[in-house]
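Down below are the structures I want you to see.
Common to both upcoming complexes is chain A, partnered first by chain B, then by chain C.
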Partner chain A sequence: MIKIQNVTKKFGAQNALDNLTLEIEKGCAYGLLGSNGAGKSTLLRLLSGIYIQDSGSITIDDIPVYDNPALKEKIFFVSDDTAQFTGMTLLQMKDFVKTFYKTYNEEVFNSLWEILKLPLDKKLSDFSKGMRRQAVVICGLSACTEYLLLDEAFDGLDPAMRYAVKQMLIDAIIDRGVTVIISSHNLKEIEEFCDTVGLIHEGKVIFSRELDSVKGNIHKVQTSFPEEVSKEDFADSDNIEILSLKSSGSVTALVVKGSTEDIEKAMEGKNARFCDIIPLSLEEIFIYEMKGAGYNYEID
Partner chain B sequence: MKLTDRYFSRYFFYKLFKHKVLLIVSLVANILALPMMAIITSSSVEGIYNILANLTEEAPLSFETRTALENLAGSAENAFVICIFVFAALTIISLAAPTVVMSYNSKRSDSDMYLSLPISTKGRFLADSLAGFVIAVLPLAINFLGGFIFIQKAAGISSEHYELFNTLITSDIGHICVCNAYDTFFFAATTGIITVTAVYFTSLFFTCCTGRRAESIIYSLATPLVALLTINNLVTLILNTTRGITSWPELENIPAHMPVFGTLFAGMGRFTKARTVSSEMVPEVLAFPVSVIISAIIICLLLLFAAYICTKKRKAENTGKPFAIELIYKVVMTLLVVCFVGLLVVSFRNNQSGLAVSILILFAIYMALQLFHYKSIKKIPMHLLHLVLTSAIAFGGFTLIGLSEGFGYGNYIPNIDAVQSVTVGESYTGFINRDGLIYTDKENIEMVSQLHKKCVDDNIETGHQFRITYKLKNGTVVSRSYIDAISVHVDLGKEIGNTLLSSPATIDQIFGGEISGVESSFVLKEDLTASGLSEEGTKELMEAIKLDSNAKNLTNGKVIGAAELFWSNEESFNNFMIDVTENCKNILSVLKNKENYVYARYNHFYASSEKAAEPDSICMFIENLTVDNSSTDKNFYIRNKDKENDKIKALFELMEFSSYMLSQPYHVAINASPISMYVSEENADEAERLIKEIEAEREKNGDKPDFTDCLLFG
Partner chain C sequence: MFAIQISGGTPISEQLFTHISELIISGALKENEKLPAVREVARELAINPNTVQKVYQLLEQKGFTYSLPGKGSYVKGRADYQDELRQSATEDFTVAVTKALKKGLNTEELINIIKNIGEKE
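For the complex of A and B:
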């Protein structure tokens, strides 16, 4: 298990991570969400032992990560920086991984290369951004480490390749029980294969839960009330939180945190003429949660 | 290495393989450089060929060998130009190697790639340092051996010759003597290896504390230069302001012990000098202090350690910033200001012109560097504050060093118990081309120390006339030089000086070694005898001086005469003058032995005429009469028969001897020959009156002694 406890990381005067605490179960596919500059990449670099935290502790199976070669053997980090490995060909890159990761598996590499068919002797600097991503991901997967940290791994990939990479990751999780931690702005991808998600904002964790739990706890409600209502009118309703309320004519649209039962009960309490409860996509949840966290973002 | 660093060797070889192109370039540059350096050094240093040629008796040089050497000499100038470029390439490689091997310190993408690998910080640092070292420095060592073989083959020198020219490492003098083609090559290679190694480790350090390649390279070059200039300013200031110190070898040698530039400049300086000196001087000039090599090794190890500490302290997120360890930047900037202030202080002491321009240059360079570093004008007030404060502190420090004469070091007199030996310089003893007199006994050391103390107490100016050099038991050498110390402080100086110089320890040294060409002259006031001694007589006199010295008669009693001795030994031509007191029985016995008088035998002296060779001829003349600062060319001659003249007797009573060549506080009124006699200022008028009266009497009697009556000495 990955344990991040009260970690603070500062860049100059700016807090990249602010007393952040997070736990990630072994073998899960963890989606790391957050706005730009939220601290996702910083967290991944801390987990891969590149950065050292200013305070707090980061352990994997209760062993500190930083400057611990034995533990770092189990972690492969794919950076968001596409300049990584650019001086190498795919073959050289494969040798590089093979040299430093004893768990490297040639068969895995070959099978993945068969799917993507990337040029082996061409320097990565001559690759497109998407191809570079694919190359690094297949090397990362071939390393067969217990932990795979991917920073914006889907960035620059076309839909077909995005699907292919996603499948590779899913296979790795299923076949080898790899713990994948992926940060991405593409919430659809996260939603499709992550079982747990965490949302970070301004260096703090907004939530970290299983995806089903996240999605089951926030809903969009379309309804109509006999009288005009505001957010404050629901203050006495138990177990729900109105994240958004907008009226257009007689129809009112709300985003509500809470179980469907509690929402229905609250709507009845306000004499709603009808009540349609629609599940939110992860992207919508992300936006509403971020808004709730004070992220200056207006949506209609 | 910890067990966890199982990837250390993999990582090391991976890095070597990754940077194989740089390694190959380095090897090729080295292969070009060192044999080239060998050719140049061995063939262009004047004297090497002569040294080889002069050894023909023991190991004859073949015609082919001579031809090969001549060809080498002919091609040296062309090779020299090429070598400069190759050597520059080597320096660039050693400068660049750390930044290339540790690219993760300057490139963010490489930082992600390498810092996430399963290798510890220490393992990564050591592997990279070693890989860079192998790329930049190891080829030098390989080619060092290659260069030996090359020069041997190229010059056609046989192994027998090599045996003759084998490198001589003399631990006694702490120098590696470079005295043949091989040693010259060794010298050049050592200078090259030190320079390249020092460049490498300097660059390694700055690669580990900076976050960009530009800064790493700029500061790797600039900082050693600034540090060297700062030390040089300090040394100059201390030498200029510390009384009693004209040279301070330990201090002056510090810059040569400061790689990169200090060692390089010192090496180049020696090499350049070696090209212009005579052949027999070449080995001496090219002597390379072992301490320079040791100092370079220590500095490189310190840089390696500092680089490691920086690696441990630096944070990955600082990759891409000018400095990952900001403290180092502040230290470098402070050093820069101190250096400039030092330059200003030193130039201000010598010449005030250009001071304003220097200050402006300092300001401009400082501000430009600060703006380049911070890329912001918001911090200008802070920079100005730092500049002003640092300048003020540095100025205060330099001024303090100046005013306190090197924190009182100028006034330092070693404790007698700590002194192993003391040497008193040549002007004091009156010897030419001698290193001075050495004393090891406590009594004499104490006397020298008293003289030294008097010089310090009375703020005697720095000069070259009176030099004292202490060798302490801990190996330290303390040397001081003063101007006219004894003449200014005759009260103390003459007494101690005479005691010191008439001690057996001094006399034994003065008359030590193989002597030849001995002769002497003397004057005895009691019977107005002035004459010379033959070689045999002078040797007797030397023995007599030793006996009277042992009996402590040289300084006891009234001075009634003086003797001056001349001789040669294996080192130089010497002269020595001594007071003769009424107690110097042995000396007087020799001087009064008429058989020894040179005019009786005049085999070493000569008479200017037959008349002068007669026993009754002129024995003395007084020359250059100087009264009231007006000098005449008139000479005053005194014959043996004049000894009964009361006025001449009275004149002699007024005259005093100037023994031991000590500068006396006398007003020089009359200088007598054959040995120096003086009349003090208070007796000058009386002496002049007497001379005028004697001359008047001679005029009246038609008695006009002249040069032809004179027996010439020496």
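For the complex of A and C:
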């Protein structure tokens, strides 16, 4: 298990991570969400031991990551910027990975290469961005590490390649129980691929939970009350939280945290004439949670 | 293979569970038929295998399937999930009746509707 406890990381006066605490279970596919500059990449770099935190602790299976070569062998980090390998050919990069990771498996490399058929003796600097990304991902999978960190991994891949890469990751999850941590702006992809998601904003965790419990627990409600109702009127309703309430004529639209049953009960308590409850997509949840965290994007 | 359109806010696991249980109830998946392996489903839909595994466990828990260690999940007979069907039918019915009452139908009218449907079936 990965434990990040009270970690602060500064760049100059800027807090990239601000007393951040997060736990990631072994064997899960963790989706890391956040606005631009939220601290996602910084977090992944700290996890892979590229940076050291200013304070707090980062451990994997209770062992600190930084300056620990034995532990680093268990982690492969696919950075969003693949510049470090551009002087190499794929063959050279593969050999580099092989010398560093004892768990490297040539058979895995060959079978993945068979699918993507990337040129072996061309410099990566001559590859397109997407091909470069594919090259690093197959090296990462061939390293057969316990932890695979992917920073915006699907970006720059075309849909067919994304599908192929996801299938490779799915095999790695089933065959080796690899823990995958993936940051992305593509919420649909995270929604499909991950079982746990975390949202960070300004270096802090907004939430980190199983995807099903995130998604099943926040709803859009359309209803109509006989009398005008405000957010505060629901203060006494059990197990729900009104995130927003907008009325237009006699129709009221709300965003509510809570189960369908509890929401229905609360609406009935206010004598709602009808009540349509629709679960929010991850994208909508993202927007509402970010708004709650003071990230206002609205252009009225 | 399962053809689900992953969309909207309903959790993927819920969509997959509904889809497979409907296939079982309708008889499209027959008693003792083997469900596709977790890997097959996960790869095909490009979704997390843990999600598929969870759905398979729930199907077993609800009496829709049984599993043979090392072999996979198989569809159970109708008698085994009849209780589950009755319970979910009762829930659906309760919701529909509550809505109809709110919209102004009275119990007598509802009983007549039930009788009419019953005669046709």
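Please note the rule applied: the second predicted complex is superposed on the first by the 292 of 300 C-alpha atoms of A that agree within 3 Å, B and C clash if a C-alpha of one lies under 4 Å from a C-alpha of the other, contacts with A are read in each partner's own complex, and residues count from 1 in each chain.
The rule is simple: a residue touches a chain if its C-beta (ideal position, glycine included) is under 8 Å from a C-beta of that chain, and two chains touch if they have at least 3 such contacts.
As the structure is a computational prediction, the values presented were derived from the model and not from experiment.
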Simultaneous placement of chain C and chain B on chain A, clash or fit: fit
Which of chain B and chain C A:S35 touches, first, second, both or neither: neither
Which superposed partner A:T99 touches (first chain B, second chain C, both, neither): first
First, second, both or neither for A:Q53, with chain B first and chain C second: neither
First, second, both or neither for A:I173, with chain B first and chain C second: second
Chain B versus chain C as contact partner of A:F11, first or second or both or neither: first
First, second, both or neither for A:E192, with chain B first and chain C second: second
First, second, both or neither for A:T89, with chain B first and chain C second: neither
Which of chain B and chain C A:S208 touches, first, second, both or neither: neither
Geometry of the superposed three-chain model: angle at chain A (Cα centres of chain B and chain C, steps of 10 degrees): 160
Closest approach of chain C to chain B (Cα atoms, Å): 27
Intersection of the chain A residues that touch chain B with those that touch chain C: none
Residues of chain A that touch chain B when the two form their complex: 11, 45, 48-52, 67-73, 75-77, 79, 81-86, 96, 99-101
Complex contact set, residues of chain C against chain A: 6, 8-14, 38-39, 42-43, 45-51, 102
Touching residues on chain B, where the partner in the complex is chain A: 4-7, 10-11, 14, 107-113, 115-121, 123, 315-317
Residue numbers on chain A that touch chain C, as the complex places them: 27-29, 163, 166-167, 170-171, 173-174, 191-195, 211-212, 215-216, 219-220, 273-274, 278-282, 284
